[in-house]
Structures are given as structure tokens and as C-alpha cells.
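Below you'll find the structures, each written out as C-alpha cells.
Presented sequentially are two complexes of subunit A, the first with subunit B as partner and the second with subunit C.
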Partner chain A sequence: MKKLSARRRHPLAAVVVLLFALAVTGGLYAAFAPAESAKADDSAQSLAIEEGKKLYAVGCASCHGTGAQGTSDGPSLVGVGAAAVDFQVATGRMPMQQQGAQAPRKKPVYTQAQIDQLAAYISSLGAGPAAPTKDQYSPEGADVAKGGELFRLNCSQCHNFTGKGGALSNGKFAPNLEGVNPKHIYEAMQTGPQNMPSFPDSVLSQKNKKDIVAYLDEVNSSKSESPGGLGLGGFGPVSEGLFAWVFGLGALIAVAIWVAARTAKAKKS
Partner chain B sequence: MSTADTTTTRAGAQGRKAPAGERVADWADGRLGIYTLAKGGMRKIFPDHWSFMLGEVCLYSFLIIILTGVYLTLFFHPSMNEVVYHGSYVPMQGVRMSEAFKSTLDISFDVRGGLLIRQIHHWAALVFIAGMMVHMMRVFFTGAFRKPREINWLFGFLLLVLGTFTGFTGYSLPDDLLSGTGVRIADGLVMSIPLVGTYISFYLFGGEFPGTDFVSRFYSIHILLLPGIMLGLVVGHLILVFYHKHTQFAGPGRTNKNVVGMPLMPVYMAKAGGFFFLVFGIIAAISAIATINPVWELGPYRPDQVSTNAQPDWYLGMSEGLFRIMPGWEISFAGHTLVLGVFIPLLVFGAVLTIMAVYPFIESWVTGDKREHHILDRPRNAPTRTAFGVAWLTLYGVALMAGGNDLWATHFHLSVNSVTWFVRISFFVGPVLAFIATRRICMGLQRRDKDKVLHGRESGIIKRLPHGEFVEVHEPLTQEQLHTLTAHEQPRPLALEPEVDENGVVRKVKGTQKLRVRLSKSYYGEDRYVPKATAKEYQEITSGHGHH
Partner chain C sequence: MSSQDIPEETLPSKQGEAHEGAVAVAGDPFADPGLPPHEHRIQDIDERAAKRSERAVAFMFTLSMLATIGFIAAYLAIPVDKNIYVFPIGHVSAMNFTLGLTLGVALFLIGAGAVHWARTLMSDVEHIDERHPIEAPSEVRAKVIADFHQGAAESAMGRRKLIRNSMFGALSLLPLSGVFLLGGLSKAPGTKLRHTAWGKGKRLVNQNTNQPLRPEDIQVGSLTFAMPEGMKEEDHDFQNQIAKAALMLVRLRPENIKDKKELDWSVDGIVAFSKICTHVGCPINLYEQQTHHVLCPCHQSTFDLSDGGRVVFGPAGHALPQLRIKVNDKGYLEAMGDFQEPVGPAFWERG
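What follows is the complex of A and B.
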């Protein structure tokens, strides 16, 4: 008792009391709140749609129109589905920084929870592909070799052999797929964003998509191995040629100059 | 032991028994005549300059390619039989492929040292052809191709062309998706030739592309036919270098009739031997550091598949560029299609190479210079030739750039269409601008040389004179430097003979003759050179007041 009274006027006492009070309030809220939100699932859905609509009005409506019907600056989003919204917003492509040939990948603006709300709002406007579940896109248990074959057949003409990316007409491009979340690769195949054609399940089965995701995970991710040494970007003979000229012939010429300078001269000049 | 023995024998009983080495040499001379060979060969003099070693770089990388290539043939199966892969590279497990592709994977993953040898072979090939190109440029810009070396220039040119084709047939052997696409383009090229194209294509591939024959056929061409011819040409090239003696840059004591330098034995033997290992070392280091043609990432060739970044190795990048910038023109004539979009680039490719091959003959015809030349020109002292060479390189470089137009677009955030249009315009404008600019730069450098001869080298020291004037101290050149800077000749252009000869008869002047005189003027005309400093000018200036 004496100890407590001795520290009662300690400068930090107020802080301790405040923390204590906050913990109690928070604890009480946590104890009561779940009961309320667990009432009905569809009300959470409608809450998400409601929230999504608000986010949409602020971040998207200026180009896609107030009802997502599309304007001259952006396409209609009716029927694009949750997968498209998740891909575009979670990879940072939307909201767009500026109009251009193509929206590049950048840091996402919204949190995953907000993206889900946006997706809920957009899918409420018309049916479209839903976002895939983890076991659909996870590379585990997929056939990598089959994925490689499918990738070379369907994807590599734009994305290069191992998905390092490539040029398209008029400043458009197929992006590098290194470090892209498997979920987003899956969604891109489902929805065909920007200049990419879409590969619905009727064209590439769910298993095929999973195989492709696994192939990319094997050959174009941070854990990919390059048994021959530096990969030089994986762009094929152009970077190899540049390397051969600069470092191969460059080094040899440097050595030739060194050898020629270090010889018994017929006459000192 | 044996050396000690012979020394004692020699010291003890003179003349009784020659040393072992001498006896072996005598034995060999009696059968091979090595003494006569060695007398001329071993004391052969070579001048010293780093750029004279570029040819050596090519020779050594060629040897490296042959050595590593032999190793690769031990494990490569040149067959297009279809097999299913079950080797150690996981992402290819169970994929159907040709035996050629499978054996390339096996060389890369299951043969000891296979991947390193493969990479040495391929990197050395890129360096070999790059080396030949630079070597050729050295010979071109210094005028070393002039009489008596025109034939050797052609030998070198043939080596460059054959090296290119050997490279193409070589990288096509693994039957991977990238090279298969290249072979498909080659097939398209062949088919674009009017009348005979399709026949040649069927003949090459044993039927419709791709068929099942081309790998084994390319194999014979790649390991036997082309390298055999190239080896012969290399030997011929070297024999001619020995026969003509090496050229040298102008300098005191150096004339058109002598060679100043060091003897082959022992100096150049040691240097060349050491340089071989330096070349081998650098290529091996590069092969250990950086991967080349990772066929396991590319996958086996299937005609229904293709990838972006489908470029040839750099030495065919120029032809690739010509196809990429050519509009897809096509005309139909009497029921036959003429694919100009492919055929014209093929012709241009041939023409761009041929102009370099015949340049020595063009120059000697234009200038009327049929004398022997063993002293090299400094590029600035032959402005028109230098400008022509730079224009040619610009054309080559622009087309090479077009060959990678997609990578320019992605890496510099440009539109591939703009890159293509830039290249299309530069293809015509670039060489002209380069020609004009280079000629002006050469003239400027000649003026600088003249200034240096007459006024000396700028020392950077500023001196203040007693009456307050500031002057820069110029350091006079040594006698050797003066000689080197004024040793070049400044030939005069050809002139037409008078229209009427001494008997008053009108002379017939052929059109070619007029053209020749006009070209000759553009080579050596009034404004094409800066008259070099004469001894009189030099005397006048140097005998003066010390500064001016």
C-alpha cells in the first residue's frame, strides 16, 4: 500500500491509467461486438457493397462513370467480375496514374479489405468471374512441365520464354511476370486485362492455369535457379551479344593493349 | 640428367658426339627440311601494336571453338527422333522432344563439365566473330587491304561470312524453340527467292519444313564442311601474312621496304603463346560467370509455338533488323507471289556485305593507285575512306539496332513503332550524316597535326612576359614525332587527259573514265586534305622569335 501511494504522483501514472482504461474499453467492445456482426452473412455482403460503392465513387467514377457504365476515358465495368477488380487494383494498375498506352504495375493504393469491398460492389452490377481461391492458384501439386508446354504455346509469344516480358505495338507491352502473386497471374488469365486475351476455363482448364502458375513459379521467381551463371535478363541473344562485345571483346582488347605495352621494344619511343 | 651428361660430353670430347637435341634436330632436318623453314620463319620480324593482335584474338578463339566443339560432339546426338525426357532437369520432365534437344539437356545437366564447355563454345563463337569484325575494321581504316594484300582481305572476308553461317548452323543444332524459329525464318528467306525458292527449301529440309532431317544435315555442315573450309582459309590467311610481311605504322626508320619490330622466335612465340592462354582464360571466365543460350528455359522446338525476343545471335542481328524494318510488300505476278518484304532485305544483306568485300578493288580503281603499300595510313589521313567505313558501320549499326527494336522499346519505354520508324529513316539518313561528319573530323585532325608540327605541343604552361603579355609555352616536337606526323603522302586526284591530243584529234572519253575522275576528286580533291607542313614553313616559324 505504501508502495502504491509513494508512486501515485509519478509523472507516468496518468499514462498507465489511460492505458488501463483503453484496454478495458477495448476488451469490453471486443466481447460484445462479434455477436452483432455475426447476425447474418448477407448483411456483411451488403455492407461490403455499400462500402465498395463509396470507394468507387471517390477513386474510380471519374473515368468509369458513376454507375460503372463506362465513359470515353474508361470502359464499362458491368460484368467484369471480382477477379478483374482484384487483379487491376491489387497490382496497382488501377486507379490509373495517367492515361497512356497501358497502365503499368505499381504499388497498390487500396488495402486488400478495400479491394474486396470494391470487388463486391462491381460484381453486384453484373455476374463475372469470381476471384480464385488459394487451392486454385497455389503452385503446389501442379505439373510444372505441362505448365511450361502450355506457357510456350499460349503465353510466350508476348511474355517471352520464361515470362520476362516483351514489346507490343505502339508502346504497349507484355509485362515481366517475375514476382507477380500467383493469384494475380491466375486472375489475368481468367479476365484478360488490358491488351491480353482472356483464357476462360473453357479454353484453359483450371488445372492448366494452375500448371502455368507453377511453371512461372519455377522458372521466373526469386527462387528460380540459373545453372549457367548470370541470366543476363533472360532476353536471349540480344543481351548475350551485348555482353560478348562489352565484356568479352572489351576485356580481350584491354589485355591486348596491356600485352603490347609490356614488351621489349625495338626502340624506345 | 641428360643435359648434364651432354654438357660433359661436349666439354670433354669436342666433336665426338653432338648433343641429343642437336641430333634430333639433324634427324628431323634430314627428313623434313626444318632448317630452311626455320631460318626464314623463326627470324621473321613482326611490328608491335596492340591492334595487330586482334587477328590473334580471332585465331585463338577459333582454336578454342574447335577444341570445345570436339568435346561436345562426343555427347551430342544429331537426330530428330522424338523421345520423352526423363533427365535431371525437373521442369522438362515428361516433355516430348527431339533427341538433339534431349542430348543438349544431358550435356548441360548430366555430362561432367558439359555446361561449361557448351558455354565456352558459344561465348567463344560470339567473341570470334566480333573479333573478326574489329580486326577487319582495323585493316580497313589503316588501309592495310591495299596491294599486295587484296586477296588476304578476301580470305578474311570469307572467314567472316563462313563464321556467320557456321554460327547459325551451330546454334540451330539443339533444336530448341528459339533456334527453330530462326531456322523457320531462314526457310522463309530461301522460299522468297523467285522461281527456285520453294525447290531449294524442299531440297534443304528434305521436304516440307521442318521435316526430320535438318539437324543431321546442319550437323555435317557445322562440324565438317564449314570448319574444314575455314581452317584452310585460316592457314592460307597466315601464310599470306608471312609472305607479305606485316604492315607497320609510319615512324622513323620504317620504310615501305623494311619491317621494324621483334623476331618471331623467341619474342613473339612467347607473347603469342601467353596471349593464347589469356584469351582462353577470359573466355572461360565469362563462360563460368554468365549463361548463354539456356536451352532448358527455351524448350524444344515445335512449329506451333513461338516466343518474343526471338533474335538470332548478334552476327545475324543486322539481317534480322532489315526484316523488321521492311514493309511487308508483296506482289502477285502470273499466279506467283513475290514476297518483296523478305526478298529485298535478303538482297540488301548480301549487298551490304559484298560492298565491303570488293572495296579494295573499288578504291584502287578510283585512285589509280597500283603501288605496293606496307606502311599503314592513319585514318585521318585518308578522310574519304575513313568516312566511307564509318558510314558503313553506321548502316550496320542501325540495322543491328532494328534487330532488337522490341528490347529498345521495353527498356527505354518507347513505342516499338517509333523505334522502327526511327530506324527506317536513319537507315538512309544516318550513313550520309556519318560520312559528312567523319570527313570533317578527319580534316580537323589533319589541321591539328599540322599545327602540332609547326607550333609544337601545347604544354598548358602560361607565361607572363615582362611587358605584361601572357603566352602559352609550346613544347617543340622531337625529330621522331615530326617525322611520324609528316610521313604520309598526299596523292593528287586523277585528271582527264586533254580533250584534243597533240595532233589535234578529238579524244574519246568514256563515261566510266569521267566517273572515275569525279570519284578520284572526291577522294583526293582540293578540300579533301590539309596540305601538310613543309620543311620551309617549319624553318620559318622555328627560326623566328621563339613564340608567336
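What follows is the complex of A and C.
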């Protein structure tokens, strides 16, 4: 100690003290800082983002790019929001089987938990519409009649008056909405998947969307009533005309043949 | 074809024996074979079979009566709003289904009974009614022609030309009165086809919420329908007015707009187009947000909203009219005037 104190006025003493202080600060930082960041990683949200990123790298990155920036095979996913991810993946549209006019609905590849992780990762890249809560899309307490008006104004041009779907150009089509989870209908309106335009809350309020979901639940589910009888797919004059020409006329021809058929004779000629 | 191939009873020689009246010229291969011999039905021979047929016909008629009674009973008994599930059809109105079923059965069984009656019990013996020439006998023709000439001479049509010509004049002028009556079916459209409810300073009102729109409400890829400020759905002529004024709003990225005029008439990429097809006036709003095309559901006319509403496919003859819009000082979207060309399909005076 004496030796140290004897040299405290040495010209290099200040440099030594400075180096010592720097080493202590750096050492302390090295000791504590990683511990702190490891603590942050424990939160559910960042775990989900981390897991979602892994799932993304395996299942989505080949078309949408490693950073979801988009490539020539798939659009950028920055800012599409959790609602878009939930719609596309939970209805099985993504991952796409092959490039084509339109990704059709199919059996989903991921579980809901994995979809939520993917959604967490994508929404961490940029703000976008969040997935709706059950309260927002459940048909209970909605105005079905108003929903019908809104559906006819905004949706029926492509999806048909009762949501049976219809054709668009070059192999694209508006799908039938029967049996589609109300949550996915809500998300489709929010995000505008593929060629469907979006109907953001600023032009079609959350209440409006809830009404539309309730209308579809009323007219286009397996339980919906069809007082007129056989709907023939609800496609209007084409399927009705085909039915009348094939089955109606067919029955008439069968009866006409019976009317003019040879009657049973007493003895065979 | 040798004579061995012909069934025995249709041979001319046999035919003469089988059926009187048939012509049989020996040695003529093209002789009229006449009718095949009449064959009796079981019911013609067996009275028990005939009774059975009678009972079957009566059974069908009785069932028809029951179905009619069922129809009346269903009409009286079933509540109008009751729904039932019928297997292949689904949830149908109980009354519609029962009324249709009973009425169908009642009508069908009357017909089926009548046909069964005719087929099994009414006479089925073949009769021949020979054809006759259509032309009248020559003496009848000569008489009719003579009568006509006499009548023409007596009317003095050929001689008194003043009567004849004035009659032709009267007859040819008469239909004009009918043509003029057609004019009373409707008023002349005047300039109605050239104007819509849009005008300078009219704000764009969102048809979903009835609130005036601001540019920030409309996102890229969204589709919004707007009507002119001051219109209410309860108004007497709302439907007539919206049929011309219907407007769709989409937002494109300004760099994606190819047409310079369209860009000038837009607000930050928000463009407002008429929703009425220029072919026959169907509402077109099948909007594909990735291609910026709108498609008409009636005849598949397709318009490119990123290129001045140009027709890219289908029978439409004009580009879709665009409404010139701006943001007013309160931050709302408003029209800078009416459409500059008539919306909807072409008409004679459109030019």
C-alpha cells in the first residue's frame, strides 16, 4: 500500500486511474447488461415474436422475403397487421400451395397458437389492424336489417346478395361466405385480402362490420331459413334456368313418352 | 332386300287378309303396306283387368281429392311464419312446402288418372282418315273470282278515282293519331340525362355512415361509396337521384395513376368515379384492388381506374366518368362541379 501511495503523484498516475475506472465500468456493464436483456426476453410478447420469426423463416420467407419486405413472388407484409395474418393463415390461404390467380381457402397448416405467434412477429414489423375481439364480431346484439343494407351496398356486387360468391376476371373469384368464421369475415373487411378492397373502420365503422357479420349469419349459414324452398345455390337465374330446363323439361318429356307409349297387349306380337 | 327380311304380317299378300281396305297389288314392291293388325289390350279381353284399371283410375282421382282437401287444411291450419326442415331442401316455410306439395299432387293425379284411363280403357282402335287436296273445286273457285270482279265493278273504285284516292289518304293518315298518343307516355327527358345531383361545393357523404368524408378516411386499397351532401334515403326521389349520382371512391398511389387528367382531378391519389356502367347502366363496383379494375356484373365490361376509367374489356363504349374533387378548407372532400359528361349509357342526343 505504501508503495502505491508513494507513487500517487507520478505523472502517469492519472492514466492508470482512468484505465482502472474504465475497466471497472466495462466489467460491471458486461456483468449486468446481458442479464437485463435476458429478463426482457422472458415476456410472453417477445417470446411469441421470437417463435413467430422462426415459423416465418420456415414457412413464409421464401415468397415474402427474409425480413417480410416482399419479393417478386409475394407482397411486403410490413404494416399489414395481425388481422391480415390471422385471416390469411387461419383460413388456409397462406402458405400458398402454388402461385395462381388467387389463393383459395383450404385446411389451415398452422395451429391457432402458431398463427398468433406469426401475427405477433408480423405486427412487430409495422403497425396494422389488430385481430378483432370476440365482442367485435359476434353477431349478438347487432342490427341484422342494417347489416343487410350495408351488405347490399358494399359486398353484394361480388359476393352475391346472400354471400354465395361469384366470378371475377381472369380466374379470380369472390368466395362463398357460408360457413366462414365471423372473425375471418370481419378481418377480411378490415384488411382487404388479395383483390378484395378493404373497408377500414374510417369508412365502415366497427358497428357496421358487426351488423354485416350478423346479416350473413342470418341468411347464409346452414341454419338460415329459405322460405321459398330449394335455393339452388342462390346464384339466381342461371342455376334456376338450368334446373328448369334439365329437370323440369326432363320430367315433362318423360311424362309425354309415357302418355304415348305402347300399352300392354293381351298377347305378344 | 329380299322378301325373307320382311316380317310376315306386313307382306302385301298377308296384309290383305289381315286388314280390309289395305291395298295389295301383287308384284308391286312399293305397295302401301297399310296398318298392322289391331292388337287387343288385356283390358279389352279380360273384364277383371278392366275393373282393375277402373279402380286404379278412381284411386288416383280420389287421392287427388284428398290432396286438395289437404291443401285447404294446410292453408287454414299452418301459421305463415312456421319453418320446418325438409331433408334435401333445407329450412323452408312449412306453409309454402305443404301448399306446393298438395297442389302438385292434386294436379298431377288428375292428369295421371286421365292418361291411365285413356291408355287402358278408352278405345285404342286405329282409324284412317284419308287426306284431301287443299284446293277448292274449280267451279267454286270460278264463282268466287266472278263474285269478286262483280263487286269491284259495282263499287266503281276504278271509275270514281276521287273516292278511291281520298279513301287511301284517310286510311294512311289515321295511324298517325296513334303515333302521337305514344308521345304522352312520358315527358321528353330534356337535359335530365346530362346532370346529376353533384355540383360545385357539394361534400362527399359516406353512404355507410352518412358522415362527410375526409381524405384520411380513405386508405389505399379500400373502396367507399359516396353520395352528394343533402340527400336522404327517405327522400321521395332518392332512388332516382342516386341512380345517376352513385359514386365510388378508391385511393391509388399517385405514382400508379397513368392518366394525367385523372391525377389532376384526384386528391392525393383519391379518385372518384361514377358507379354507373357506360354500357347499359348497371352498377359497377366489382373492384379488384390489386389490378385497379372494376368489372360490370352484367356484360363483363372492365374499366381501369388507374388509367382514367378506360374500357379494357367488354361492350362499354365510353370511359367511366370521373368526378373532380378537392379538399375544402375544413378538411372535407367536396366536388368541384357535376360530372363533365353524362353518366351511364349512351343516348341519341349524347353526341
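Keep in mind that, in the parts below, the second predicted complex is superposed on the first by the 219 of 269 C-alpha atoms of A that agree within 3 Å, B and C clash if a C-alpha of one lies under 4 Å from a C-alpha of the other, contacts with A are read in each partner's own complex, and residues count from 1 in each chain.
Methods note: a contact is a pair of C-beta atoms (placed from the backbone, for glycine too) under 8 Å apart; a residue touches a chain by one contact, two chains touch by 3 or more.
Bear in mind the structure is a predicted one, so any value in this text is a computation, not a measurement.
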Three-chain arrangement built on subunit A, subunit B and subunit C clash or fit: clash
Touching partner for A:Ala101 - first (subunit B), second (subunit C), both, neither: first
Which superposed partner A:Leu204 touches (first subunit B, second subunit C, both, neither): second
A:Asn195 touches, of subunit B and subunit C: first, second, both or neither? second
Which superposed partner A:Gly166 touches (first subunit B, second subunit C, both, neither): both
Which superposed partner A:Leu47 touches (first subunit B, second subunit C, both, neither): neither
Contacts of A:Ala57 with subunit B and subunit C, given as first, second, both or neither: neither
Which of subunit B and subunit C A:Leu19 touches, first, second, both or neither: neither
Touched partner set for A:Leu150, first subunit B, second subunit C, both or neither: second
Which of subunit B and subunit C A:Val238 touches, first, second, both or neither: first
Touching both subunit B and subunit C, residues of subunit A: 153, 157-158, 166, 168-169, 174, 226-231, 255, 259, 261, 263-267, 269
In the complex, subunit C residues that touch subunit A: 36, 39-42, 44-46, 83, 88-93, 96-97, 100, 111, 115, 119-120, 124, 206-209, 213, 216-219, 221-225, 250, 283-291, 293, 295, 297, 300, 302, 313
For the subunit A and subunit B complex, residues of the former touching the latter: 101, 144-146, 148-149, 152-153, 156-162, 164-171, 173-174, 215, 218-219, 226-232, 234-245, 247-249, 251-253, 255-257, 259-261, 263-267, 269
Contacting residues of subunit B [partner subunit A, same complex]: 48-54, 56-57, 90-95, 108-109, 115, 119, 123, 126-127, 130-131, 134, 177-178, 251, 253, 260-262, 267, 271, 274-275, 278-279, 282-283, 286-294, 296-299, 302, 304-314, 317, 403-407, 409-410, 413-418, 480
Contacting residues of subunit A [partner subunit C, same complex]: 150, 153-154, 157-158, 166, 168-169, 172, 174, 192, 194-200, 202-205, 208, 223-231, 255, 258-259, 261, 263-267, 269
